[in-house]
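In the two complexes that follow, subunit A is the common piece, with subunit B as its partner first and subunit C second.
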Partner chain A sequence: MKNHRSNKNSKPVTMNADENLRGIQSILHETSDLKTRTITYQKSSGVIIYLESIVDTEKIQQSVIEPLNKAMDEEGTVENVITNTELSYIEELHEGVGKLLNGSCLLSLDGMSGMYAVNVTNQLPRTPEEPSNEKVVRGSHEGFVDSLTQNLGMIRKRLENENLVIKRYVIGKSTNTKMAVVYMENLVNKEVLSEIFRRIESISVDMEFSPGYLEEFLENKTFSPFPQMLPTERPDRTMAHLLDGRVTVLSEGSATALILPVTFLSFFQSPDDFNSRVLAGSFFRLLRMVSFLVAMTLPAFYIAIIGFHFEILPNELILPVKASLEGIPFPPIIEAFVMVFTIELIREAGVRLPTPIGQTIGIVGGLVIGDAVVSAGFISNVMVIVIAVTAVASFTVPTYEMGASIRILTFPLMIAASLLGFLGIVMGLMVILLHLCKLESVGTPYFAPFAPMNLSGLKDAVIRFPLWKMESRAKDALPQSKRQRNSRGWKNK
Partner chain B sequence: MKLKKEDTITSFQFIFLIIQAQVGVGILSMPFNIYTAAGHDSWISVLISGCIIQVLLILFWILMKRFPSMTLYEVLDNTTGSFIGGGIKGLYIIYFTLVGSSILSLFAEIINLWILPLTPRWLLIVLMSGIGIYAVRGPVKFLARFYVFVSLLLIVFVLLVVYSFWEVDYLNIFPIGEKGVMPVLKGTEKALFSMIGFEMYLIMAPYVQSTAIKKLKSASISNVVVTIFYSFLTLICILFFGIKEFSLVPEPLLYMIKSFSFKVLERIDLLFLSVWIVSVGTSYMAYLFAASRGLMSFFPKNKDHSPYVFYVAIVSVLISLMPEGVYKVGQFSTFVTHLSYIFVLGLPVLLLLLSLLTHRKEKQQS
Partner chain C sequence: MKTLLTKKKGLLLGTLIVIVLLTGCWDQRLIKESRLILAAGLDVDPDGKIIDTVVYPVVNKGSNAMSMVKSVVVSSTGVTTRDARFNLDKKVSQIFDASRNRVFLFGEKLAQKDIYSSLDVIYRDPRGSVNAMVAVVKGKAKKSLEIQPKDSTLLDIYYPELLRSTSAIGLFEIETVQSICTLMFDEGNDYLLPYLRINEQQQRAEVIGTAMFHKRKMTGTLTGKESTMLLLLNGVKQDYPRFTFKINDNKDMKERNYITVLVNDIDRKMKIHITPDQKVRVNLALKMDVNVNELPVDHLDSARKANQLNKTLTREMNALAKKTLAKTQKANCDELGIGKRIRSFHYGDWKKMNWEKDYRNISIEPEIKVTIVQHGIIN
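Let's look at the complex of A and B:
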C-alpha cells in the first residue's frame, strides 16, 4: 500500500535512535498517546515507538520485546528474531509515521540506517449481526461489521476462488481511510473496472466517512432521484453480485458495501427470493414491482379521479366515494399533502428513536391521527386508505434508498395530477421513464433489461426463474462468461 | 462484450423507432378520414398504402445503401452540392418542424375536446414540447430505449380495441368493392398520410449498427406491423359503426371505446387517451430529432444535435399555436400532409435517381 503522507521534504532515518524519536515526535506534534520504550539489542541501544491508542501492547510484548530479549546475545538480524508476520524496513521518517498511524510500532536502533515497522494493530472485533434493514426470513443472518479486514474476510470465506481480487486504496487527505475494491477477475468487465478505478483515483477529499460520501463522487447523476449504486450490509448479497460480474467497494469503519454497476431492478431483489420456492419467489418479486407502481402513482390517480375524471368510476363506487368527500374543507391535493407529510413525519421520528418509543410513535401516528383526522372531518376516509396503502407499498421495496426515492417521486406526480388529471400523470411518468432510460450506472444501462429491452434478461430480473434455467449471467454489468450449464443434467440420464 | 461508447442503436430498436414515429396523433381520426373517401372498403386502402410504403422503403434502402454512414442531410450535400443541398436541407428542416407543430396542434385540440376543455392550449403544447426536448437531447440510443419500452403500451392499445369484437356486426363490410376502384385509391392517399413517419428511415438508418439488408428487414417489419395494426383498427371501426353512423364520429376509436364499460372502470376512453398521449409524444420526438439533426448538419464541426433541439422545439411550439379552432387546425394539418408528397415521395426518389445517374457513392474506408 502506497503511503500518501510521504512528501518531498521527508527526512531520511538517521543512525541515531534518539534523533529519530525526536523527528517523529515533531511530525506528530508531541501527541500524548505516542509512547516509547527503550531497549538494548546486541549492545546497541534503541527505542520502540508506538501509538498507545491503536496498538495492542500485548502483541508488542509477545512479538517484539520478548524475542529481542531472548536473542540478546545471539547472532542474527532483526528479521530473523522478530516473530510478527508483518515486518517492513523503513528509510524515511514520514513513511514511518504513516506506519505508526496504521497501528504499527517502530523499532529504531543506534547504528542502523533504517527502522523496522511491526504491525501490532489492536483488533476490536464486532460480532457479525443480521443487518436490521435487510432482514430475511431464511438464509444467512450474517451482516458486515465496521472493520474492513473482517468484512473482506467474510467475502473471502464465501468465495473461495483464486479469481477474487481485492485492490486497496486510501482516500481522505485528513482521515486516510482505507478502502477496498473487490471483484472477480475472470468475470468483471475490464472497461467497467478501469472506469471505476479512474473515478476512485480522481477523488480528493478531506474526509471519507461513509459509502454515501463515496457514492456521490462515483455516480453519474447526483440529482437523479434514483440510487445508482446498491448499498448492502449482507455478505451473501455481495457475493451474488460479485458473481454477476459486478464490483464491490468497501471502506473502513462502515458496515455498508457499495455494489456497482447496478440496475434499477437489483433494488427489488432480495436474497429471500432465492431461498423460497420458485413460484413464491416470483410472486413476491412481482408484488414488490407492483408496489413500486402503486406507491408512486396511487395518490396521484386518486387526486386525478376526484378532481377531473369522476366519471371513470362505475356507478356503484360513486356513492361511497362521494359520501366520504362530503363536507371535507380541502381540495384533494391539500388533503393528500397533509396525509403524506404526516406519514413522513411519523417515519422520520420513528427511525431514530429507540424501538419501544418508536412503537408508541407508530401507534400515536397511525391510530390516533388516522382515526381522529377522519372523525374531525378534515380528511376523507378514502384519502386515508389511499395514503396508508401508498405508505405500506413504499416500504415493501427491500432497499431503503429505493423506497426513499419512490416517496420523493410521489410529490411531483400528485401536483401534476392535481393540475392536469390523467394527462399530468402520463406526462410525469413519461419524464420519469425517459430519465430512467437515460440513466447509466458506470457506463452500463440502468433500466436494463427493460431498456434496452432484453427478453432473456427479463426472466431473471422480473420473475425469478428456476435456478437451473438461468444459464447466463445478467447482462447489464456486461460480464465475461456464462453462469452455469445444465445443472440438472441428472434429469437426462 | 464491450461498453458501447459510440451512439448506435440495434436493428431491433430500429423497428420500434419507425413504428413509434408512424403511430401517433393521427390514429384517432385515421379510420374516419379514410372512410370519408373509401367507404366500407377503407381497410383495403390501408393495405394498399402499406404496399406503397414498402416500395418506398425499398427505394430508401437503395439510396441509403450507397451512403451507409450518412443521414439524408449528408446525402443531399454529397449529391447535389453544398449550395442546392443546403437549400433543400433547410426545406427539410422546415418540413419536419411543421410536422412536429401539426402534431402538437392536433394533440392540444383533441385533449381540449375530450379531457380538459378549459385548459389553455399553449400549456398543453409547451408541456409536451418540454418533454420532447428532454427526450431528444442526448444520444439517440436513449431515445431508442424509450421507444422500445413504451411499445409495450401498444399491446394495451390493441387489447382495448379487441374487446369490441363482441359488439361488432360482420355484415358491415359487405359488399366488398361496392364503390369501385377510384374511392379505394383515394382512401389509399388518406391512409398514406396517416402512416407518415417511415421517412425516419432516411434520418435514423446510419445510426443502426447492422448490415444494410437487416436495416431493410427492420423497416419492413415495422411497416408490416403498422399496416396490419391500422387496417385492423379501420376494419373494427367499420364493423362496429356501419355506414350510417360512421359519418357522425370524427374520432371513431374513442367513440367506440367509450361505449364499453367494465366493472371497475367506466370510461375506458380516458385510459385509451392516456396511452395515446405517449404515442403522440414519441412521434413528436422523432420529428424534433429529425429537424435538430438537420440543423446540426449545417455545422460540420459539431457532432451533437442536442444544442439545436431547443430552437426547433420553440419554433414548433410557436407555429402550433397559430391555428386556432378545430377547422384551422384541420386545415393546417392537411397542408402539412400535402407537403409530404414533396418531401417523402418526390425528393427522396429524385435524389436516388440523381445518385444513380451520377454514380455518386460514399467512399468506403478500408
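Let's look at the complex of A and C:
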C-alpha cells in the first residue's frame, strides 16, 4: 500500500513502552476508544494498544495474548510466537498509528526498538445478498457487500486466473478510503489502463464518499446526461466485463463496482439475457431498446401530434383522442409536465420511504391521483396513459442510472415538440445522437458498435446472438487479444 | 478579454434561446381547438353557387369522463367551394380543419357539371385529405348528411363503412380524392364512383349502382348488377361479387325460378384489333368460376344439370355484359381503359383517332364463359 501520510513530524518508536503509548495517545488526541492492556513477556513488561471500535478482541485474545502467555518463559522471538497471519514490525509512531486505524493492534515491549502490529480487524461479514436493483430471474443471486476484501474475494472466486490483477489505492486525505482497481493483465488495453491509473493517482480530495464521487472524479463529461461508467453490484456481471478487457474499480464501504470503459449498450444488457434462451433473450433485449425509445420520445411524440400533426392519427383514433382532450384547461406541454412531475414525485417518495409506506404512496399516487385528475377534467386520459407507459418503460432499463438519464432527456424533447412539433423532436434527437457519437468513456467510443460502425459487434448489441456466434471479443474496450473460442467443438467433427 | 468573450457568448446563447422560445406556438394547431370535418357534401344551387355541407363531431363531456360524441351538420353557400367553406367558418366556433375528412359526397347536379373544380382546393393543400372517399348522391348531397342512420350515430363512420362493405360485394372499387385525380386527366381511361340514394323514410343511404364519369363529368349511371359486371370485365374481382339470374319461368313459387352465384375466380383477356382504317374491335374473353349460393329448384348433383346451368348462366352473363358495355359507350365512359391501351400499343392509330367520338363507335365483344365449380355442402 502506498504510504500517503507525510512523515514530516514522525517520531521513532522508543525503547520504553509507556512512552510509546503516550506518544500514540497524543497523536490520536486522547480518543476514548483507544484501549490498552499491559502484558509481560520474557520478563519485559509491555503494552498492547488497540482501537476498541474496529478490532475483534477475540482475535487479540487468541492470536496475541494467549501465545505470548504460553511462551512466557520459552526462548523465541515475537515473530515465532504470535500466530496471526499478518504481522509487521514498525519503527515509526505514525506508521503505528496508521496500522491502528487500519484495525491492527500494536504490541510494544520495553527494551525493543520497534513495535509489532498485528492485524486483528473486526470482520463484520455481510452475507452476499442479491442486489435489489439488479435482480435476475435465473442465474447467480450473489451481490457485492460493503467490504472491499470480501468483494475482491468474490471476484477471485469467479476468476481463477493468474492474469487477474488487483491494484490497491487509498483515496481521501481524511477518510483514507481503500480502493482497488481490478483488471485482466493479458486483456486490458494498456493505454486505457494507464489513463485510469493516471486519473486515480491525480485525485486529491478529503473524502471519497461513494462510487458517485469516484465516477465524477474519473469521467470526461460530467454534464452529459449519460453515465460513462457502469455501476454494478453483481460479481457475475463484473467478471464478464473483466473478461471483455474492461477495468473495475471497487472501494471500501460500498457494494457498487464501477466498470469502465463502457459503451452505451452495456447499460441495456442484463445477465438474464444469457440465462434465457436465445430467442427470449433477444426479445427481452429488443424490448429494452424499444422501451428506451418509448421512454424518451413518447410524451414528445404525443405532444407533437395533438399540437401540430393530428392528421397522422388513424381515423379510428382521432375521435377518442379529440373527445378526451375536449375541455382540458392546459396546453399539452403543461399537461405533460404536470403528469411527469407527479410521477417523479411518487417515484422519489417511494424510494425514500420504507417499503410498506412506499407501496401505499404508490397506490395513493398512482391510482387515486391518476383517476381523480382525469375525472376532474384537469388532464386528459390519453395523456395519463402516455405518461404511465413512459414511466413504466423508463424502469425497464436494467441500470438505474440510465433510466434516470432517459427520464431527464424527455423534458428537452417535450419542450422541443411543443415548439416545433416533429421538427423539434428530430432536432432534439439529432443533438442527442451527435452527443452520443462524440462521447468517450476513458478514450474508447461510447456509442460503439454503432459509431464507429462495427458489424460483428452488433451481434451482442440490439439482439443477442447465440454464444457460439460470438467467438471474438467485443472491440469497444480495445482489448489486447481477440477471443478465440470454439464453444461448440462437437459441431465441427 | 476572456470575460468579454463569455459575455458575448452568453448574449448569443440567450438570444438564440429567446428566439426559439418566442416562436412558441407559431405553427401550433391544437386538436382540441379544431373543428374536425369528417364528411363533406357539395351541391350546386340553381344560381350556380356551391352549397358546402359539412359534418363535424361535437363532444359533450359528461361528469365521469364519459363523453358523448354527436355529429353536427352545417351548410353554407359560396361562389366557390372555398368561398362556401369561408362562409361556414363564419358560422361555426373554432377553426375548421379538413385534413381528416373521410368522405366527399357530390350532389348529382354538381357531379354532372364538374367535380374537379370542387376538389382543386384539396390538391393544393399539403394537409388536404386526399384519401377521403368520393361518392355521388342521387339528388342533393346535403340531404345525405342530414339523415340519421341507426347503424352509427356518426355519419362520418356510417358512410365509409357503407362504401367499404358495398365495395366488398363487388359493385365498385373504392376511389379516393387522390386516385381519381390522375383518372380525371388521363386520356382514354375513365372511372366509376359509387352512386347513392337517400331513403328518408328509413333514414338510410343505399348504394344503387355506380355513376359513370368521363373526364371531370358524370355522364351516366349503371345499376348494381351492371356495375358488378363491368368490374369483372375490367378484370377486377372484389371479395364477394354475386349475381342472381332468372333460369325458369314456370315454377309456382317465384323464388324457385332463380339462381344466385358467387364469382369465385376470373380470368380476363382483352384483345384489341385495329383495322388499317382505324376500325376498332375489342375482344373481351372472360372465364368465370362460380359457386352456386342459392338454387332452390335443384340439388345440383349431376354433371348434366350443371352443364345445362353453365350454358344458361353464360348466356345471361353475355347478355348482361353487352347491355353494360353499350351503356358505357353511350356515356362515353371508358372504364376498361381501352383508349389507354390503344394509346400505349398502337400510338400511330391513336393519333389518327378522336377517342372522344370514336369510343362510342368501336365494337366491344364480350365472350364470357361460366363454369360452376362448387355448389355448397349439399350433396
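Here, the second predicted complex is superposed on the first by the 491 of 493 C-alpha atoms of A that agree within 3 Å, B and C clash if a C-alpha of one lies under 4 Å from a C-alpha of the other, contacts with A are read in each partner's own complex, and residues count from 1 in each chain.
Here is the rule we go by: contacts are C-beta pairs under 8 Å (C-beta built on N, C-alpha and C of every residue); 3 or more make two chains touch, one makes a residue touch a chain.
Since the model is a prediction, treat every value here as computed from it, not as a measurement.
Please tell me, clash or fit, for subunit B and subunit C sharing subunit A in the overlay.
Fit - subunit B and subunit C, as placed by superposing on subunit A, sit side by side.
For A:G377, select first, second, both or neither according to whether it touches subunit B, subunit C, the two together, or no partner.
In the superposed model, A:G377 contacts subunit C only, not subunit B.
Going by the contact rule set out at the top, does A:L107 touch subunit B (first), subunit C (second), both, or neither?
The answer is neither, since A:L107 touches no partner chain.
Determine, under the contact definition given at the top, whether A:L258 touches first (subunit B), second (subunit C), both, or neither.
Neither subunit B nor subunit C is touched by A:L258.
Taking the superposition as given, does A:G307 touch the first partner, subunit B, the second, subunit C, both, or neither?
A:G307 contacts subunit C only, not subunit B.
Is A:G421 in contact with subunit B, with subunit C, with both, or with neither (first, second, both, neither)?
Touch partners of A:G421: subunit B and subunit C.
Is A:I328 touching anything from subunit B or subunit C once the two structures are fitted on A? First, second, both or neither.
Once the two structures are laid over each other on A, A:I328 reaches subunit C alone.
Which partner, subunit B or subunit C, touches the larger number of subunit A residues?
B
A:C437 contacts which: subunit B (first), subunit C (second), both, neither?
The answer is first: A:C437 touches subunit B but not subunit C.
Report for A:V249: first if it touches subunit B alone, second if subunit C alone, otherwise both or neither.
Neither partner.
In the superposed arrangement, does A:M453 touch subunit B (first), subunit C (second), both or neither?
first
Could you state the shortest Cα distance, in Å, between subunit B and subunit C after the structures are superposed?
Taking the overlay as described at the top, subunit B lies 5 Å from subunit C at its nearest C-alpha.
Would you mind listing the overlap between the subunit B footprint and the subunit C footprint on subunit A?
Common to the two interfaces on subunit A: residues 308, 311, 313, 315, 420-421.
Hey, which residues of subunit C end up touching subunit A in the complex?
Listed in rising order, the residues are 20-21, 23-25, 27-32, 34, 36, 57, 59, 61, 63-65, 67, 69, 97, 99-100, 102, 127, 129, 154, 160.
Looking at the complex, which residues from subunit B come into contact with subunit A?
Its residues touching subunit A are 1-3, 5, 10, 12-13, 111, 115-116, 119, 124, 127-128, 131, 134-135, 138, 141-146, 148-150, 261-267, 270, 273-274, 277-278, 281.
Can you list the subunit A residues touching subunit B in their complex?
Contact set of subunit A toward subunit B: 189, 191-192, 195, 308-309, 311-315, 420-423, 425-427, 430-431, 433-434, 437-438, 443-445, 447, 450-453, 475, 478-480.
Would you pull the subunit A residues touching subunit C in the complex into a rising list?
Touch list, subunit A to subunit C: 305-308, 310-311, 313, 315, 318-319, 321-328, 331-332, 374-375, 377, 381, 418-421.
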